[in-house]
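To start, the structure itself, in C-alpha cells.
Letters A, B, C and D mark the chains in the order given here, with residues in each chain numbered from 1 onward.
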Amino acid sequence: MTQQRYRDLAEWPLMATALVFLAAYAWQVVGRVEGSAGNWLEATMWATWGIFAVDYAVNLHLAPNRRQWFVRNLHELLIVALPFFRPLRLLRLVTLLSVLHRTVGETLRGRVVTYVASSAALLVFVGALAVLDVEQAAPDAKIVTFGDALWWAITTITTVGYGDLYPVTPIGRMVAAALMMSGIAVLGVVTASIASWLVQRVEDTAETAAYAVEEPLRAELSGLVTEIALLRQELASLRDGQPPQ
Amino acid sequence: MTQQRYRDLAEWPLMATALVFLAAYAWQVVGRVEGSAGNWLEATMWATWGIFAVDYAVNLHLAPNRRQWFVRNLHELLIVALPFFRPLRLLRLVTLLSVLHRTVGETLRGRVVTYVASSAALLVFVGALAVLDVEQAAPDAKIVTFGDALWWAITTITTVGYGDLYPVTPIGRMVAAALMMSGIAVLGVVTASIASWLVQRVEDTAETAAYAVEEPLRAELSGLVTEIALLRQELASLRDGQPPQ
Amino acid sequence: MTQQRYRDLAEWPLMATALVFLAAYAWQVVGRVEGSAGNWLEATMWATWGIFAVDYAVNLHLAPNRRQWFVRNLHELLIVALPFFRPLRLLRLVTLLSVLHRTVGETLRGRVVTYVASSAALLVFVGALAVLDVEQAAPDAKIVTFGDALWWAITTITTVGYGDLYPVTPIGRMVAAALMMSGIAVLGVVTASIASWLVQRVEDTAETAAYAVEEPLRAELSGLVTEIALLRQELASLRDGQPPQ
Amino acid sequence: MTQQRYRDLAEWPLMATALVFLAAYAWQVVGRVEGSAGNWLEATMWATWGIFAVDYAVNLHLAPNRRQWFVRNLHELLIVALPFFRPLRLLRLVTLLSVLHRTVGETLRGRVVTYVASSAALLVFVGALAVLDVEQAAPDAKIVTFGDALWWAITTITTVGYGDLYPVTPIGRMVAAALMMSGIAVLGVVTASIASWLVQRVEDTAETAAYAVEEPLRAELSGLVTEIALLRQELASLRDGQPPQ
C-alpha cells in the first residue's frame, strides 16, 4: 500500500479521533471531572494518543523516502512525543485544519476566507480550553470559568485586549502569544481578501478598457488577411488570363 | 404583484419602520423609561415588530420559489421570530444597511468607503445601545450610562480596548464580540481601499509605459496595410497595362 | 487679484501663524500659564484667530463662485467660527498638513508614507495637547502631565491601549476617538504601502516574462514587412522586365 | 583596501561582536549581576563598543567620499557616540538585521516574511531586555522579571495591550513606543504579503484568460505569413512562366 493511499483511507478515522480527543479534553477541563469519570476521560485521551502514534509509525513505514519524510515531519513527531504536556496535545487538532483546507469553497478567495474563519473559531475554542486548563489551578488566576476563557480568547485574537482577564502562568502566556499571532494572521487575511477583491474589481474595469484599445488592432489584422486573399485571387486571374493572350 | 415590485414599494416604509423602532428602543434604553410612557414605547416596538412580521409573510407568499426563498432567508425568520430577546431585535436594522449599500457614491472604492463608514457609525450606536440595555441591570456592571456605552463601543471597534469599561454579562460580551469583528472588518476595508488606490495609481503609470512599448507594433501594422494597398495598385496597373502590349 | 494668486502668497504667512498658534497653545496648556503671561498668550492666540478669520473673508471675497466656495468650505467656516471651544482651535493646524502634502517625496509611495508619518507625529502631539487641556482640570483625571498625555496618545494611535491612562471627560473622549481613527488610517496606509510595493515587485517580474512572450510576435511582424517589401520589388521587376519582351 | 572589501571582511567578526554584546547585556540585565562578575560583563560591553568605534573609524577612513558617507551614516555615529545611554547601545544590533536581510529565502515574499519574523523575534527579545534594564530600578515599576518583560513585549508588539504590565519610566515608554511601531510594521507586512499572494494568484488566472484571448490574433498573424509566402511563390512562377511564352 502506498503512503498516499493510506493517507486517503486514514483521513476520516483520524478526523473522528481528533474530535473525540477534543470532546474528552473539553469535558475534562470545563467540567473539572475527577474520580472514575475522570479516569475514563483520561483513558479515552490516551487511546486517541495511541491512534495518532500508530498513524505516525505507519506513515513513517510507508514513506517512499523515510529519512526525508522524518526530517520534513519533525513537528508531527513532536506532537506525538510530547503528550505529557497537556495543552500541547491540542496541537493534534491541526488535523482538523487540513481537512477544512480541502473541503470548502469554490473561488480562491472564498476558500481562504472560509478557511481562516473556521481556523479562527477553532483557535478561539481550543485557546480558551488550553488557557483554562493551565490557569484554573494557579493561585492568583483570573480566568477560572470557560465563559471567561472564551471571552478572553476573543478579546485576544481580535487584539482588543481589555485587560480585565489575562493569563498569569508561563504556559498560559505562551497560549496567549499563539492566539495573538493568529489574531494578526486573521486580520491580515481579512484585509488582504478585501484588498484583492477591490484590486480585481478595479482591474476588471481597466481590462475592459484595454480590450477596447486592442480591438482596432485586431480589426486591422483581419482586414489585412482579407486584403492578401484578394491579392492572391487577382494574381491568379492575372496568370490564368495571360495564356489566351 | 411580483416579489421584486413589492420590495421596491415596501423599501421606504420598512426603512421608516426601522428608524421608528431604533428611536423607540434608544429612548427606552437611554432614558430608562418606565410607567405609562414606557408602555407606549413598548407598544410602538411591538407594532414595528408586527410590520416586519407582515413583511416577512408577504415576501414568503410572493416568492417565485417559496422553499428556496425560505431556506436562503432563514436569518430573516430568526430576526422576526426572536423578538423576545431584546438586543437581537436590533438586527432588524440591517435593513438600513441594505439601503446605504444602494444609495451612495459613484466609484467602487467611494461606495465601499462610504458604506463601511456608515456601517461603522451605525454599529457603534447600536452596539452601545445593546450593551447598555443588557448591562445596566447587572449588579457589577461598569457600563451604566449611554455616554460610557458609546465610549466603550468606540474603543472596542477600533480594537484599542483600554479596559476602563467592559461588559460583564454573557449577552453583553456577545455584543462586544460582534463589535470587535466589525472593527477588524472596518480596519480591513480601510487598509484595502488605500492599498487598491495605491496599486491602481502605480499601475496606471506602468500601463502608460506598456502602451508606449506597444506603439511601434501598432505603427508597423499600419505600415503593412499601406504596403499591401500599394502592392494591389501596382498589380492592377500591371494587369491593365498588359493588354495594349 | 485672483484667489489662486492670493492663496500662493498667503500660504507661508498662514503656516507661520499656525505654528505661532500651536506654540502659544502648547505653552499655555503644558506650562499651565496664568496671570499676565497667560494673558499675553491668550492675546496671541486671539490674534492668530483674527488672521485666520481675515484669510477666510478674503478667500470668500476672491472666490470666482462665492456660493459654491462657501458650500464646499463649510469646514473652514466651522473652524473659524468656533474658537471658543478650545481643542477645536487646533483644527486650524490642518493648514500644516496641506503644506506637508505638497513639499515632500518623489515617488507616489514615498509621498504617501512621509505624509502619513508626519501627520501621525503631528496628531500625537496635538492630541496629547488637546487631551491635557481638557483633562487636567477634571476632578478624577488620569492624564495630568504632558509626558503622560504623549504616552497616552502613542498607545492610542497604535491601538495598543494599555488602559493605564485614559480620558474621562466627554471632550477628551472625542479627541481620543479622533486619535483612534487616525491610528486605523495610519495602520492602513503602512500596510497598503507595503502591499503595493510587494504587488509591484511581483508584477515587474511577471511583466518581464510577458514581454518575452510578445517578443516573437514582434519579430514575426517585422519579417512580414520585409517579405512584403521584397514582393513589391519582385513585382516591379516583373513589370519593368516585360516591355523588352 | 576598498571600503567594500573591508565591509565584506568585517561582516562576520562584527556579527560575532554584536552577539557577544547582546549576551553580556542580557546576562547583566536579567541576572542583575553585580560585583566582580558585573565588572567583567561591563568590561566586555566596553570592549564590544571599542570594536564598533574602530569599525566606524575605518569605514570613514576608507570611504571614497568621506563627507558624503559621514552625512549618510549619521545614525551610525549616534549609535557609537551614545554608549552611555544603556538601552540605546542595543541599536548596534541592527547589524544583525542587515545580515538577516541578506541570507534568507528565495522568493521576494519569502524573504520579506522571514526577515520580518526574525526582526519581530529579535525586537521582542531586545525590547524586553531594554525595558527590564530601565524599569527594574524604578520605585513603582510593574515589569521586574525577564518573564514579565517578554510577556509585556509580546502583548505590545501585537498591539493587544492588556495593561496588566506597562512601563512607567520615560525611557521605558520610548522603548515601548518603538515596539508599538514595529508591531504596526509587522502587521502591515503580514497583511501585505497575504494580499500580494492573493492578488497574484487571482491575476495568474486572469492572465491565462488574457493569453487565450490573444491566441487567435497570434494564429491570424501566422496565417498571414503563410499567405504571403504562397503569394511570392505564385508571383515567381508567374514571372518564370512568361519567358517561354
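Quick note on the criterion: a residue touches a chain if its C-beta (ideal position, glycine included) is under 8 Å from a C-beta of that chain, and two chains touch if they have at least 3 such contacts.
Here is each chain with its UniProt name: A, B, C, D = pH-gated potassium channel KcsA.
Keep in mind it's a predicted model, so treat the numbers as computed, not measured.
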Intersection of contact partners for chain A and chain B: C, D
Selected pair, out of A-B, A-C or C-D, that shares over half of its residue contact pairs with B-D: A-C
Rigid-body rotation angle, chain D and chain C, from Cα fit (steps of 5°): 90
Of all other chains, the one whose Cα centre sits farthest from chain C: A
Residue-number overlap at the chain A/chain C interface, same or different (half cut): same
For chain B paired with chain C, centre-to-centre distance based on mean C-alpha positions, whole Å: 27
Centre distance in Å when chain A and chain C are each reduced to the mean of their C-alpha atoms: 38
Chain C, residues touching no fewer than two other chains: 159-163, 187, 191-193, 195, 199, 203, 217, 221, 224, 228, 231, 235, 238, 242
Sites on chain C touched by chain A in the complex: 159, 161-163, 191-192, 195, 199
Interface residues, chain A side, partner chain D - complex: 108-109, 112, 156, 159-163, 166, 170, 173, 176-177, 180-181, 183-185, 187-189, 191-193, 195-196, 199-200, 203, 207, 211, 217-218, 221-222, 224-225, 228-229, 231-232, 235-236, 238-239, 242
Of all residues in chain A, those that touch chain B in their complex: 147, 151, 154-155, 158-164, 186-187, 190-195, 197-199, 201-203, 205-206, 210, 213, 217, 220-221, 223-224, 227-228, 230-231, 234-235, 237-238, 241-242, 245
